[in-house]
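Below is a structure I'd like to ask you about.
Chain naming follows the written order as A, B, C, D and E, and within any one chain the residues start at number 1.
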Amino acid sequence: PVDRTKILAAPGVFGNFSTYKVRPDYYKLSAAERKGAADEVMAVVDKHKDKVIVDAYLTRGFKAQSDYFLRVHAYDMAATQAFLIDFRATRFGMYSDVTENLVGMTKPLNYISKDKSPELNAGLSSATYMGDAPRYAFMIPVKKNAEWWNLSDAQRLKEMETHTIPTLGNLVNVKRKLYHSTGLDDTDFITYFETADLGAFNNLLLALAKVPENKYHVRWGNPTVMGTIQTFENVVKTLSMGH
Amino acid sequence: PVDRTKILAAPGVFGNFSTYKVRPDYYKLSAAERKGAADEVMAVVDKHKDKVIVDAYLTRGFKAQSDYFLRVHAYDMAATQAFLIDFRATRFGMYSDVTENLVGMTKPLNYISKDKSPELNAGLSSATYMGDAPRYAFMIPVKKNAEWWNLSDAQRLKEMETHTIPTLGNLVNVKRKLYHSTGLDDTDFITYFETADLGAFNNLLLALAKVPENKYHVRWGNPTVMGTIQTFENVVKTLSMGH
Amino acid sequence: PVDRTKILAAPGVFGNFSTYKVRPDYYKLSAAERKGAADEVMAVVDKHKDKVIVDAYLTRGFKAQSDYFLRVHAYDMAATQAFLIDFRATRFGMYSDVTENLVGMTKPLNYISKDKSPELNAGLSSATYMGDAPRYAFMIPVKKNAEWWNLSDAQRLKEMETHTIPTLGNLVNVKRKLYHSTGLDDTDFITYFETADLGAFNNLLLALAKVPENKYHVRWGNPTVMGTIQTFENVVKTLSMGH
Amino acid sequence: PVDRTKILAAPGVFGNFSTYKVRPDYYKLSAAERKGAADEVMAVVDKHKDKVIVDAYLTRGFKAQSDYFLRVHAYDMAATQAFLIDFRATRFGMYSDVTENLVGMTKPLNYISKDKSPELNAGLSSATYMGDAPRYAFMIPVKKNAEWWNLSDAQRLKEMETHTIPTLGNLVNVKRKLYHSTGLDDTDFITYFETADLGAFNNLLLALAKVPENKYHVRWGNPTVMGTIQTFENVVKTLSMGH
Amino acid sequence: PVDRTKILAAPGVFGNFSTYKVRPDYYKLSAAERKGAADEVMAVVDKHKDKVIVDAYLTRGFKAQSDYFLRVHAYDMAATQAFLIDFRATRFGMYSDVTENLVGMTKPLNYISKDKSPELNAGLSSATYMGDAPRYAFMIPVKKNAEWWNLSDAQRLKEMETHTIPTLGNLVNVKRKLYHSTGLDDTDFITYFETADLGAFNNLLLALAKVPENKYHVRWGNPTVMGTIQTFENVVKTLSMGH
């Protein structure tokens, strides 16, 4: 199977986020039919384990446009597609409508690297998450306007330093991961976070609202997807309940 | 059970607003099946009473995109999710489509505190609601642009004082509650109000349309959700009527 | 029953506009079932006649997002809700999807009053409709931006005089009514008109497009709803036709 | 029956454009049931022939939001409604969802008249279509902003002359018709074209993109509807095919 | 049959892009019924082979709003319509909902021609694709604002040279094709790409985000459609899987 720690740290990895609503007619299936749903899904996860890793999150109760979302990683974008196609052919997958789908890839640092911003890079690299085991995850797409992209490299570096200075401190209570999507999808970035401390997360985003970089955003959320971190098995079981 | 007065006054409490449309096929169920719907919902409310409180509002006749909405409070966001998942598994919940879902949290005063604006804070703290028992409730999401967030603390304080001066007088006929959502959802704030005097409420919003703070709004409503304040039981019964 | 002439002239009256599409499955009911639809609706109108008056308009053939709309007046917003809930529980109502719903209230003149603009107020009060019996009705929501609301009272009065001067002449062939909605819904105003002369109405709106006030509009229509003026009974019968 | 040539040339005529998608369940009807669909529709056209003329266009394969559209003319807007209501009650009409509906009216020239712009008016009046029989039709809604409408008559005349100069030459290969909609619908104009030469049409629109008038557009298409020109009978037959 | 190489290189050719979602009820058909779906589709492709060529792409797993898309070329736009109408009448086509449909045509170079920009034209003409066989395809609609179109020919040429200089190098790993749509649809251009190297594609789009031309975009994607390049037969078979 894919080495989870490695694939979550490497550049050039493809990340795929998809949000789903379970269709009401799923609950017209008999309890017996829904009972086997989780095992069937886990069998598909197992079938693809040499190519992809999958994380699942429960969003029902938080989001109108979804009940759950998946975050899939692979070294090959087509391998992710093969997995999702098999997933959509399971009973649970067939009764799920996909409501949002965003793809991106990981890349080396563009700004806060050892070369370009050594002090901040040191802070970035040395930070350690010290909060409780994260219970909540967020996916927030971000897109910047043509004004931003037409700034010089030096100007953009300055703004990203201004992004990093007030947020480094949050690395103790918020885990973060960045994906690059320009051209691959209708967003420039997909940002992903995990935390146990929603108040800290709210304050983190307020800090980033207050920096000049924010003036260049044409998409910052929409949707902001929040879910509880669950096993995929548990997501399927929870959403397969009912009369 | 959760202490209602306490949870409605404390900071760090999670508020969750969800609006629902009842699906037309609900009315294809027999009257007998729909008759037990309210009891089943109240049993779920009771099951979760140590963790959440629930308020319900009837919006049918006022809103195209909903028939009712719920306002749920908990000290733990995941407890709210657990309640809403059980609610969605009841008969009435299974026949409801969620059309909007916004989450936020209560926080201490950012601007009109004893430190920063003592006179207005005194007016705020001493005001008493003196109108008739409120019959209408409103949920209005609010989001401000990057220009607002990049103003200095002093500039933003000034604008919030300008927000408060003409509105303090309305505290006699409008109850208000503020939730903070930046990063948790696609809004910065969720505002909630109760009143018996719709003319006073219209005048209140006109007063707030006329202050400079309004120039920074990128979301002010959309949706503006108005409902009548009802028991959850009554909401379910009313919407379970039909042939 | 409610005095129609009085309620249509008084301030502080609640107006409620709702647009509906008839669902395709309505026409799968037998002709016999659809035959009784109008009587059932009129019985509900009669049940609520001491609290509300209802006007109906046929929009099929003019609007994609509706087949008919209703305009309901009451001195109490909750009475309107009670009526609409009973209407939605009739056969015809159960097979109607509400596509837009806007609420507002009537108020005394803000600008062209005897005090503030006596000449124009005289023109306003003395005008008489002299056209043929109106056959068409329009509902046009209007919302103005923060720039408008931050103008001084004097500046806004000037613009509303500029609104009134070129339009007074249309009072001979267009009937008008204004509702105020700020805070109650996602519009500032709901405007309503009746006419027999669509060319005159087009010219009226062109005149209002050409005044500076128009530069402040962030919503002017969307939807612009046009319907033919019908009895509610006839609307139900017309839309209950089919195989 | 209505004189087609006359009604297509007169001012004060009401034009009504509606686009439709055929619902998937239409194809669940037996072939026999679908076989009579065209005759039933043509019977309705015949029933209303003294009041309306109807043109039909096939858009399936070109547009996601429609399979066909209709263009109906009448001297009385309510006569158009009566026709469309009867059409919607036919089998084919009952299985069609209307996705867009725009109404407008023809008027005398506002700008390029003999009085205001005699040279260009001469070019306009003398031009003759000389292309192959048109095969394609376009409906393009157009709306201009408050800046445009607040220009003086002289300024707007200048811009419309700039609109006409580079486009007169296209009258040899593009037929055009203009409808006025301000206040009647959520567009200022509905423009309609027929051509056999799509390359010429593309160049025509590029010429109009390049004039200053284009800076005032807030709607220019959305949707741009292109269809092939067909008999109504053929449209119904083509879309009634299937297993 | 149509000469594929010729039609993909000629000007004046009509390109038609349509994206589809397979309806959930397709999977309620028996496996036997779905088994013959691919053959039926290929028979339609064969029937139209003298007029159109068809390319298919699998998007499920990448896009929320589609499962596959088609790219059809013909010398006559109506021939494309005839093909798509027959396709939509197959079993697989009948169970597909079209979610986006854009049409355009190929034209000679407007800017980087031998006359206007000889050096860059030389680079353009001499470039050869040298990457692995492409596996991914992209369709990205592009629309520019009135400011762009009102620039002089010389100004636009300058910006297009700035577009070409940093991107010529990508012709080794990205194949490109440009379609012109102004007036034919709600976009100015449809751009199409094939690649095996998604990182290179992301960098290519970043390069184009950073040029002044980007400031004139009012549509750049929305949707950005990415799919894997497949035979049409394989697309149908893959999407016909299930219980």
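Heads up, the rule we're going with is that a residue touches a chain if its C-beta (ideal position, glycine included) is under 8 Å from a C-beta of that chain, and two chains touch if they have at least 3 such contacts.
As the structure is a prediction and not an experimental result, all values here were calculated from the model.
Visitor: Treat each pair of touching chains as one step and give the shortest count from subunit A to subunit E.
Guide: 1
Visitor: Round to the nearest whole Å and give the separation of the Cα centres of subunit B and subunit D.
Guide: From the centre of subunit B to the centre of subunit D is 46 Å.
Visitor: What's the distance between the Cα centroids of subunit B and subunit C, rounded to whole Å?
Guide: 28
Visitor: Does the chain-touch network form a line, ring, star, complete graph or other?
Guide: Per interface graph, the chains form a ring.
Visitor: Output the circular ordering of the chains, read from subunit A in the direction of subunit B.
Guide: Start: subunit A; next: subunit B; complete ring order: A, B, C, D, E.
Visitor: Please output the residues of subunit B touching subunit A within their complex, sorted ascending.
Guide: 12, 14, 16, 18-19, 23, 77-78, 80-85, 88-89, 91, 94-95, 97-101, 103, 105, 107, 146-147, 149-150, 180-186, 188
Visitor: Which subunit B residues qualify as touching subunit C in the complex?
Guide: Residue list for subunit B touching subunit C: 24, 27, 58, 60-64, 135-136, 138, 140, 198-199, 201-202, 204-206, 209-212, 214-215, 217, 221-224, 226, 228, 238, 241-243.
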